[in-house]
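Some structures are shown below for you to check.
The two complexes that follow have chain A in common; it is paired with chain B in the first and with chain C in the second.
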Partner chain A sequence: MSEGLPEGIDRHAPRSAAEGRHGSEGLPEGIDRHAPRSAAEGRHSSGGRKLADREGTLAWLFLMPSVVYIIALVGVPFVLAVGFAVSDVTAGDPSFDFVGLANFRAIFDDPVFWRSLGNTFLFTGVSMIFIVIFGKILANILVADFKGKWIVRFLVLLPWTTPATLGAIAWLWLLDSIFSPIDWVLRKLGFIDGNMYWLGEPQLAMGSVIAVHVWRLTPLAAVIMMAGLVAIPRDMDEAARVDGAGFWRRMFEVTIPLTLPVIAVSALFGAIFTFTDMAVVDVLTNGGPNNATQVLTSWAFFRGIDGGDVGQGAAVALFLFPLLLAAAIAILRAVRKLEVR
Partner chain B sequence: MADMTRRRVLQTAGALGVGAALAGCASEEDPPGGVPATGAPEETFTPPTRKLSGDLKILLWSHFVPSHDTWFDKFAADWGAKAGVKVAVDHVDQATIPTRIAAEISAGQGHDLVQFIATLSHLEQGVLDLKDVTDEAVKRWGTQLELCRKSSSNPKTGKFYAYSPGWVPDPGNFRTSLWREAGLPNGPTTWDELLAGGTEIKNKKNVQMGLGMSQEIDSNMVLRALMWSFGSSIQDANEKVVINSDQTVAAVEYMTKLFKQTMTNEVFSWNAASNNQGLVAGKLSYAVNSISAYRTAQGSSPDVADDIGFVPALRGPSGALAAQHVMYNWIVPKHAKNPDAAKEFLLHYTANYAAATYASKLYDFCAWDKLTPNLATWLGSDPFGSKPADKLKLLADATKWSTNIGHPGPSNGAEGEVFSTFIIPNMFARAARGEVTAKQAVLDAEAQITPIFAKWRSQGLVGG
Partner chain C sequence: MRRVGVYLLAIGAAFFCAAPFLWSLITAFKQNRDLYNPNNNPFLYNRPATSDHIIYLFDRAAFGTFAWNTVWVGVLVVLITLALGLPAAYALARLDRPWAGWFGIAIFLIYLVPPSLLFLSLSRIVVALGLQDSTWSLVLIYPTITIPVSIWLLIGFLKAVPRDIEEQAMVDGYSRLGAFWRAVVPLTFPGIVAVIVFAFTLTASEFIYALSFVSPSTEKVISTGVPTELIRGDVFFWQSLQAATVLVAVPLALVFNLFLDRFIAGFTQGAVKG
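This part shows the complex of A and B:
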């Protein structure tokens, strides 16, 4: 295969360190395929080999983009938030003056803060339960074999791929106080006479916000759980069948115990995405009626940006951190216990 | 064959998608036929008092009447060409402007000139003092409208944190056919008439009225109007908190009664689009809104538009006052790279405010009467097709029954924070829903408002 090449040149000579490691089989005697073709190439090749062989360095190199990303977009804003929370920074005056815990004292005296905190827990807790239940059901459907599976998968994933704000705007129309198509259907079916005022009644408004969140996050949970389901060894399921276990028994005694770590991870994601979201509340209710759907994120925004008090807004937002940290640690420890067992 | 079918399906879907996208892009405010070229005021150009150069970056809202933006973009570019300045104009949704300004001030870079549709008093420390521009405008065109002046200056510091060349009135919008049958063909003139007529319409026709009690801008406006007409306010002229009064309790009690007799729970989910949607769809007997909903109806539902009438602020026990619907605040952030060009542009823009009023289809009103000498004529015979032609003539006197947020004091930062945290709509809503008594709702509101004022006062930005 060296036709046309000048004498002494082998077109199969390795061009990289990796290629070179595969040995010298088939080469004429006296020719070392690892030999560099020039001093410069030699230095490059030698350095490349060393770098390629140093797994620790490579690992850091590959991790670096993620680390930089997390430091820049999570670490720095977090440090800034801590700084703002103990300062008198406003939207109009970014200069920093230390005020100690004054912002925290102010928000603790504010009844809307406590209501937002309670709403955040309610909103997150109820959403998480439904996200896990519906995610599990959807995951079971997605792993089953049936005709048209791809279109079902596509439709199921659509809410997650749709931008949160666009989805929320569509729901705003669906839940409109006067023109709600949901009300229209309920009226046609004879369930109601007038309108439900989904976003005008405190309980219905909270229910609507939760429902939209569940609709948005269930596909994510389903995909995570689907990965857990397909990882279960088929023979375990078959052994249970042979032993006479029915669908529900296999579900609760085989499938769910084996996928519990994955379910916990999906619950963790669901909780974090719900806890930290303000798009749905902002679009649907603006925190109303009468702060019935106000959550920490939306209240931090109204206080800090619209109201101009960045210090208090940061203090409210910072309150998310210990709660999120505690939730994350609790769920991850649960996962670890399950893995050990 | 299967491929052909799939291709046809995709082509059809694509065509439908493009059609839907185009339909979606069409604004509900698009005027039928646009702004007529004839009748538009001629624009003037006064050479800047100093030599200008460089770039001028302007950020402003996407106007509710899109023909204004078409006019403004060309107007700004033409001025730039004559003045030797390269002008760039960015329009964004008004709701995103406060966030954008806060981010730009924090970053110390961004636009040279920013316009918003409400008072920006909370940004006082991050913007240039525009007293020189205001003084120059007063020198050229006389006394500035008080409500604009009180919405752009801080009497405590003496600083003009904004320049306010214009505003938009907020009249009552009513359905003439419904109110004629209720014995008030010209619409209600007092809050008592509103209650009586609205109740009759609700009982006989099952058509509700729409005065929002929700966490949004229109609710904030109309409920302040009610408070002022009952002799109540958040602060007094010296910026002391005075909301806890018998007058405020009376206003809350009135609203509770009005809600129970004339409205539905939709008012607790009110948003900035609800007035427009309800009026254009013919679902409301009365609402308080600018003329934008009416202009929309002229294009999309002419019969409804012809049936909409307007009334000035309703009279209560202590007078008749309405809040401005929009208050234009132009600010020059401290980071602006070309403040001289920004200030010159503002004066040029003000000098041509008649063109802005016309391009906005009589939506924008000027802070200097003499700059829109034809306004009364236009309102008396609407060049944009009102039926009857003099439907809008009551707006010629709008300055008499309109006032600023913060009345009888200035639009200070504390008032702005009370506004943006929706304390007033929630005060009314809690009583209307029966959660607390009117007295308790007022006490709770006071407990929230007092620390806000104390905080701003401690920063030296609020008097009292």
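This part shows the complex of A and C:
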């Protein structure tokens, strides 16, 4: 303290005074708060094991319905799906015969599987980057004060609250091979002569699918990030402002570091939705042209339902799970680390 | 100068998000001869507007039935989710079991099991229960999507409720159950709203289960009914499709907007401090 005094006496003096005030206030408060807690703990231990036992029973009573439900309708089907993956069940022949890893060997031999896998990573990765960037920008806009905020929020929420298939249908018409209004504008501006065939050219189709997905999930990411922005203590931003930090410096040195956990959470949600979603792909391109937009989920659906090969469909779908698990653990760990800091 | 920037960004964002719906709205009232002429300006009515396609949507495509099915399935799923999820989350957040943390992570991992992995076996189970081709199959299955994510969110909200409040309620003579119901649940209200909104949106959006369990058109929900009844082979009933999109999108976004602040407040406690 005596070292710091001569240096920044003007600027730091009021703040350290404030800290001091906080500290002197915090002390008795801390004592007050701890006293009843330890008293309560004392009560717990002196009240004997009865209360603890009752809490154990209550915990199980409260958990049981969810546990039973989840085991019956997630656990059992999951095991069944693993069973399908190592069997020769098809739509025509539902009898169960064990075939070992034959289904996996078959899907690994299929170049479409590898293409789908690559597409899934491309689709998820690129979407995620844009969703996080646009979500961040959108969140910053939506927490600002301006007139007509209500209507802007309403319009911004539309892509996410609309069921995915309906949103994708709106885009299907917007990107129509003949009647696309985007093409019409480009034609009028003289950029193109005929049509773009947004969903017909492999690269354009992938771009379109990613764009629609980003459009759909950015509002969700923005809402989650708004939660983080709202939670930033105002005085930190004020302090940085008083210290003369500009908008961008405050953004990168205060806002973003403080909201990183929320950004990670929104990225996690975005990744899961992207990774397992097939409504957008299904409606827009049906995996085409020539499997250019095929992802693992849609490929599993084609194999298992349209193709009738339940075993191979289940094997492809099962492949999603370890990938999701790895991604989720990585991101949850990152969140933990950020919170601890 | 800054204000102008904020307004420009806000208008730009609103435009990018809403533009496809604006295009849907224009399309919905167009006559076929106007719509299917690539030389016409697609943003204008080159022929008088018509409401024929919207009438078709209700009279011939059972849109009202789909909407009603979506609403009652959504409401029941939300109720089941809260009835099962809230006590479970409370047990994990508050009852100090040593395995609570481990259990919480397990529940989050269950959320990662994608519907595309389960629908093949679940459709067998639905058939075995005699629920195939009935909307009730969705009421039974949809909580598998909503319960895990709701528990995960609610744990965070419940942890944010100060312990003293519960202890005070018990000192005042409530049982543990009474304290939960009278003191904790009301304080978790923003979180409950967040879960209601989140669960309803997930339910209304769901596609794979609805597609594989239910095929009679009177039992369908919006997410499957609209695309299957209004796209017949290569024939797209474009105006009716776009009208359906707008009719669903606007009320959902309006309701969500009403609860947005609570949702954000809830998420702050839930996801960040959870």
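Keep in mind that, in the parts below, the second predicted complex is superposed on the first by the 265 of 341 C-alpha atoms of A that agree within 3 Å, B and C clash if a C-alpha of one lies under 4 Å from a C-alpha of the other, contacts with A are read in each partner's own complex, and residues count from 1 in each chain.
Please note the rule applied: contacts are C-beta pairs under 8 Å (C-beta built on N, C-alpha and C of every residue); 3 or more make two chains touch, one makes a residue touch a chain.
Here the structure is a predicted model, which means the values were calculated and not measured.
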Query: Which partner does A:157 contact after superposing on A: first (chain B), second (chain C), both, neither?
result: second
Task: Examine A:133 and indicate which partner it touches, taking first as chain B and second as chain C; both and neither are also allowed.
output: neither
Message: Applying the document's definition of touch, where does A:309 land relative to chain B and chain C: first, second, both, or neither?
response: first
Message: Touch test for A:101: chain B only (first), chain C only (second), both, or neither?
response: neither
- prompt: After lining up the shared chain so the two structures overlap, which partner does A:90 touch, if you call chain B first and chain C second: first, second, both or neither?
  reply: first
Field: If touched residues of chain A are counted for chain B and for chain C, the larger one
entry: C
- request: Please indicate which partner A:178 is in contact with in the superposed arrangement: first for chain B, second for chain C, both, or neither.
  value: both
- prompt: Given the touch rule stated above, what does A:110 touch, chain B (first), chain C (second), both, or neither?
  reply: first
Message: Touch test for A:144: chain B only (first), chain C only (second), both, or neither?
response: second
Field: Contact residues common to both interfaces of chain A (with chain B and with chain C)
entry: 178-179, 305, 310
Message: Taking the touch rule as given, give the residues of chain C at its contact with chain A in the complex, in rising order.
response: 3, 6-7, 9-11, 13-18, 20-21, 23-24, 27, 35-36, 38, 41-43, 83-85, 87-88, 90-92, 95-97, 103, 105, 107-118, 120-122, 124-125, 140-141, 143-144, 147-148, 151, 164, 167, 176-177, 201, 204-205, 207-208, 212, 222-224, 226-227, 236, 238, 241-242, 244-245, 248-250, 252-254, 256-257, 260, 263-265, 267-268, 271-272
Field: Contact set on chain A toward chain C in their complex
entry: 36, 40, 54-56, 58-63, 65-67, 69-70, 73-74, 76-78, 80-81, 84, 137-138, 141, 144, 146, 148-167, 169-171, 173-174, 178-179, 181, 184, 215, 218-219, 223-224, 226-228, 230-231, 261-262, 265, 272, 275-276, 278-279, 282-283, 297, 300-301, 304-305, 310, 313-314, 317-318, 320-321, 324-325, 328, 332, 339
Touch list for chain B against partner chain A, complex: 98-99, 101-102, 105-106, 108, 122-127, 214-216, 264-269, 271, 274, 277-278, 281, 283, 413, 416-417, 420-422, 425-426, 429-430, 433, 435, 444, 447-448, 451, 455, 459
- prompt: So in the complex, which bits of chain A are touching chain B?
  reply: 88, 90-94, 106, 109-112, 176-179, 194-195, 197-201, 205, 285-291, 302-303, 305-310
